[in-house]
Amino acid sequence: MKRISKGKILTFFGIIMFYIVIQLLINVGIIDSYIQLNIVLIGINIILAVGLNLITGFTGQFSLGHAAFMSIGAYTSAILTAKLGQPFIVAIFASGITAALAGVFIGIPTLRLKGDYLAIATLGFGEIIRIVALNIDYIGGAIGFNDIPQYTNWSWVFAMTVVTVVLIRRFINSYHGRACIAIREDEIAAEAMGINTTYYKILAFAIGAFFAGTAGALYANYFYFIKPDSFGFMKSIDILVIVVFGGMGSIVGSIIGAIALSIISLFLQSIPELRMVIYALILFGIMVYRPTGLMGNQKLKIFRKGGKNNVSA
Amino acid sequence: MLELKEVNVFYGVIHALKNLNIKIEEGEVVTLIGANGAGKSTTLKAISGIQKLKSGEITLNGESINNVGAPDIVKLGISHVPEGRRIFSRMSVMENLEMGAFTRTDKSEVKKDFEKIFSLFPRLLERKEQMAGTLSGGEQQMLAIGRGLMSRPKLLLLDEPSMGLAPIIVKEIFSIIKEINKAGTTVLLVEQNAYMALNAADRAYIIRNGEIEMQGDAKTMLQDEKVKKAYLEG
Amino acid sequence: TGSNSDKIKVGLNYELSGGVATYGQGLVEGIELGFEEINKNGGVLGKQIEPVKVDNKSEDTEAANVSTRLATRDKVVALLGPATSGNTKAASPAAMQNKIPLISASATADDITIDSNGNVRDYIFKTCFSDSFQGVMMAEFAYNDLGFKNAVILGDSTSDYAKGLSKSFKETYTALGGKVLNEEAYQAKDTDFKAVLTNIKGSNPEVLFVPGYYEEVGLIVRQARELGLNVPILGADGYESPKFAEIAGKEALDNVYYSSHYSSMDDSPEVVNFREGFKAKYGKEPDAFNALGYDLAYFLADSLERAGEANSEKLKEALEATKDFKGVTGAFSIDENHNPVKSVTIIEMKNGEPTFLKKLDPK
Amino acid sequence: MEQLFQQLINGISLGGIYALIALGYTMVYGIINLINFAHGDIYMVGAYVGFALTTFLHLGFFPSLLISMIVCSILGMIIEKVAYKPIRNSTRIAALITAISVSLFLQYTMMYFVSPQTRTFPEVLASKRLTFFNGNVILDVKNIYIIVITVVLMVGLQYIVRHTKIGKAMRAVSLDKEAAELMGINVNKIISYTFAIGSALAGAAGVLVGVYYNTINPLMGVTPGLKAFVAAVLGGIGMIPGAVFGGFFLGMTETMVSAYGGSVFKDAVAFAVLIIVLLVRPNGLLGKATKEKV
Amino acid sequence: MSVLKVSNLSKTFGGIRAVTDVNLSIEKGEIIGLIGPNGAGKTTFFNLLTGIYNPTSGEVVYDLNRIISTRDLKPYKITHYGIARTFQNIRLFQNMSVLDNVLMGFHNGLKYGIASALFKLPSYYKTEKNTFEEACVLLDKFNLLDKKDEISKNLSYGDQRRLEIARALAAKPKLLLLDEPAAGMNPKETKELKELITWIREAFELTVIVIEHDMSLVMEICERIFVFDYGILIANGTPEEIQRDERVIKAYLGGEEQC
């Protein structure tokens, strides 16, 4: 266990090079605003998916409300930058924090709820956030929040994505992360090992939500305009699809999943009539031929259906 | 009655059964012993149809049952009491037994068999309406065996029936095996407790790494030095 | 930008799948019919119009994505759509950055063409009423013409359109001296409104203002009448559809008034021509979205002719200079805020048929 | 007072509809532990089949209902065979995503063929109304139909699942498929039956609700599907009386929130109530707390 | 010194009296056998000792590093007090590797904060390295070192049982509760297990309570045996005493020959 291996140095420089190359391409205009927009979207989706992967893929807590955390972050940042004139870095942090607080808040019910019951509770939570946002006039309600300054650019997206991936990876590789995985595998045995399951479940929700909040901030400050319906149930499902598509419990999978699904979506824009039909077929194909996702493997199976593990609901 | 010819089974890349040959005559008690992971449970699964063969053939009374699905094999008179009990945890004890009799249509006879099971395992009678998942380990094992008997099998496959049972019940289980065998049921018994298994059986197979290592008369094997050393002595 | 070949590319950024696909598809039907006719008659500036139709899934992110793509990749001369105000706002920045005019025929929010500092968004235009306009008109109509002194508002709480209308209706109505007893809400896609209607019935209003679209309002009208809530119901152009009467039922619709651009009662030759053409192509009666889309196509063609070449900058100037463009939804000029100056018709439903009641000119 | 009665009637009527959809949902749910997101869309297909039969073939209400149920049960079995069977042994989330893909597929294939436009049902059931308190409280006879049908179906299903051999086999399959096979139960067949019954129920609900509200569109299944899911969870997953109870509970909650002036937050309050109920009773209103034995 | 003192402990499930009025105490360093017919309440007794169930009445008092009584018993706290257990139905983290399973056992002893994990402070490296080495030592003792990267559910039954014990030991308990460790093992493996249990008692200075139906194991390694029947403690004594006890023979052991 050496601290710094050759591989790590190489990866480090690789990442830096990647950043510089893209930035150069943007500067000379080879990457135009269309590609840039999609790169930003992919980055945001990676952050969202990696965060959700921590909650659902690693800790095994079924969440259908991830978009709500994003929404909280997006609105926080919109208010701070557009209305209160705060710098972007402050807004990003504040977005993460408010979303994390919401994560703690929704994490608490997980003390008692399991599986599908938890799923529906998180779904309900997401809907509540959306409906409340629809009716707060200060943030525009259903009309939406317009004219948010555009601070987000390639550098911000790159930095936040790398930070998210690195930190979550480190978390997973610590004993805290192992504790989360243990909870997913067998909650009773995990408790018997001295793992405070409540604490770790809430922690997972808080961390996942924090990054979703920052993703929301990046989003709001790129697209100028946000409205509550952009963060509805279907958005949560979209994030979940990325996670499952890429592979539960695989961070690389989430990254690849975000990229792959964005590209697929771009191709489908021009065939509107059959777009969703084809999308459905692609999803279906992946689930049937690779139920563990692109990068998933047997070892990360969770939520097994049926069988002898089904004693409790 | 039942014959396995050159049977091969794989789990992915793991070659669990290698050219296995086993023959069971009507009315016998045959035991299959071997270390952990030798392939005993896999053999039973192959017979009862829940594990597909890679190659080879299994015949029942001369007819191949390779392509018969697990549910239909039950109808042919083979009943498998699986390893790890596998009782239906959120159904009552009584309902579990009813499931055992799923393929039967002779209602009055089924009723009599319930009585019979309850007289074999009085504990189950006391727990008749309890959810099976909350039974103690041993009670669940009794239920699993009882459930297996409910189909009135001609051939009973038992996978480690004594696991987790109190000594007094273990003895009872073995006398029950003898009893049902006398009443005409052929038994294939997988056991860790080789001593008791060999005592109860007519013939035995010793399986190792998916291959038959030795076979023969059970009582002779009890005396065999090699067997003694590997499987009998604690 | 612009196209030099014998084709003029026009981007269509619409909600063709997802939650509000009905509106997007409705507009596109109208637009495509319009372009077809225009192309058949020799096109514009001697060139054929080539629509590039892209779906935005009824999502704002996707709307921004699509408009960027149309602007940078497909090099269109103008962007049409999206249908809803929210998606139009999301699509606007790309139009502004790339200096390509974006025209929406149905994004009614007041701030589509004006930003939060009160400046006009250079490249954004709309051809439909602003929410405030219709809301004001209907409030005045309710208070002055019908003489009702108290009202209840029942709006779609998820829709910017309904929110905008509610807001301006309430402001005007209270300013006139009327009283808004209650503001109730439903959500798009709801089908059961009986609870809220029973509640409204309990507060005994003289009139009910229901901003929204005909799918839900049709059901609301029907259920209100079933519950014995027989007060007049007022609304806006979202009611304009032959489906409205089908859903609500003819009898239930008596005593329903709404403001609209276009009336299928109108029998000017343009309108008749449109209705015939539409029925021939799609086998159904056109609704407001179809008509708005159709007008949008002709409006664009007209402006292109006036611009003299297929150039975005020139087009923008031509759009700004529009005077008395005549379409099936009425004639309009474009004002300095890039909004149409267009008179509104008030329609009364009688025996399931929309009947012309009154025409109100903008002040 | 009259208003309160009217609201009670409204609540029960709405609840009846949720309950009716939730029944089929919970049925499939209970047996294969799959959140069948496509249930709402089968309901939509049912409504369209009913629409086509009554509008184009001018069939009466009952024949349309019956045919629609049959069509939906066949559709359900096909969906199960094609989509769910291959992923039977994979994770729960993979199954959920598959169900979502089936749901999208049904919605948009339907939209492709019939356009997203709203359609209206012809009047196939004469609308009769009962009035009380001088006409101030009104009850639609169709509501009575829906509630009676729901309750009858609930009792019937409950009987099937609890007391018939096939119903017990369904439960056994839901608990342990392999062990069920060892009992001689044909798992594939049982799961097919389950889907057939569940989907037939969805079809029936589609026609009934289509006739009741008079409008249908390709996305009509989304919201009721979600609400039915909520109702099923609220009552206790996989429990047939739970689904019905949850449906009525949800309908009543939404109605009462609107009745007391909270229409803006109707759904938010409904979800908040759901969360609170789950916190107090983690296994739903009728669910029994079963702690895993270790 | 009594490590564990149980007084008047009872647990009922609905009408079922799983444990009734049990009184016993256990001394430091003993290996205790817990036997009794199926459904006698042995596993339930363990669950009461580890806080998985709350007693209907009565009390459990530990004297490990400090006094712990019933009220403080939460499943996730017991390792903290120095108690570790295995389960009758093996409960490994099935999809984790053998090594990770053991690492999980160390959970309670690890102390670096989340910040050190996220920013890889020295304490992270130090702790991770130490635990890794300790885990390897432990696995080696259990003959599992060569299988450390296997996914635990692919292990054979006997190995899984041993791994579960290793995982429990990783928590560095003072008191170890084993629920039917020899189930599914053949006589030879059982023999190895006996040696292992006696060895760990010495090596880790443990008190051990073992539930077992394999009489050879119980009689050979236990110093004292408690017998449950229908939730009641019916006998208590040395192996010899128990083997001669009429009630035990009648309820549990059965007549004549012993195997």
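Letters A, B, C, D and E mark the chains in the order given here, with residues in each chain numbered from 1 onward.
Following the convention adopted for this analysis, a contact is a pair of C-beta atoms (placed from the backbone, for glycine too) under 8 Å apart; a residue touches a chain by one contact, two chains touch by 3 or more.
What you see is a predicted model; the values in this text were computed from it and never measured.
Chemist: Greatest Cα-centroid separation from subunit E: which chain?
Modeler: Checked the centroid distances; the maximum from subunit E is C.
Chemist: Which chain pair has the highest count of C-beta pairs that touch?
Modeler: Maximum number of inter-chain contact pairs occurs for A-D.
Chemist: Determine the centre-to-centre distance between subunit C and subunit D, using the mean Cα coordinates as centres, and give it in whole Å.
Modeler: Taking the mean C-alpha position of each chain, the two centres sit 36 Å apart.
Chemist: When the C-alpha atoms of subunit A and subunit E are each averaged to a single point, how far apart are the two points in Å?
Modeler: 40
Chemist: Rounded to a whole Å, what is the gap between the Cα centroids of subunit B and subunit E?
Modeler: Going by mean C-alpha positions, subunit B sits 30 Å from subunit E.
Chemist: Can you compute the centre-to-centre distance for subunit C and subunit E, using the mean CA position of each chain? Integer Å is fine.
Modeler: 73
Chemist: Mind pulling the subunit B residues that touch 2 or more other chains?
Modeler: Within subunit B, the residues that touch at least two other chains are 84, 86, 89-90, 133-134.
Chemist: Listing for subunit E: what residues touch at least two other chains?
Modeler: Expected reply: 43, 52, 87-89, 91.
Chemist: Find every residue in subunit D that makes contact with two or more other chains and list them.
Modeler: Each of 108, 111, 175-176, 178, 264, 267, 290, 292-294 in subunit D touches at least two other chains.
Chemist: For subunit D, which residues are in contact with subunit E within the complex?
Modeler: 294
Chemist: With touch defined as at the start, can you tell me which subunit D residues reach subunit B in the complex?
Modeler: Going by the criterion above, the answer is residues 165, 168-169, 171-172, 175-176, 178-187, 290, 292-293.
Chemist: Would you pull the subunit E residues touching subunit A in the complex into a rising list?
Modeler: 50, 52, 75-80, 84-85, 87, 91-96, 100, 103-108, 110, 112, 114, 116-120, 124-125, 127-129, 131-132, 151, 167, 171
Chemist: Contact residues on subunit B for subunit D in the complex?
Modeler: These residues of subunit B touch subunit D: 48-50, 69-72, 74-75, 79-80, 82, 86-91, 95, 98-100, 102-103, 131, 133-134, 147, 151.
Chemist: Provide the residue numbers of subunit A that touch subunit D in the complex, in ascending order.
Modeler: Per the stated touch rule, the residues are 56, 62, 109, 112-117, 119-121, 123-125, 127-128, 131-132, 135, 188, 233, 237, 240-241, 244-245, 248, 273-277, 279-281, 283-284, 287-288, 291-293, 301-308, 310-313.
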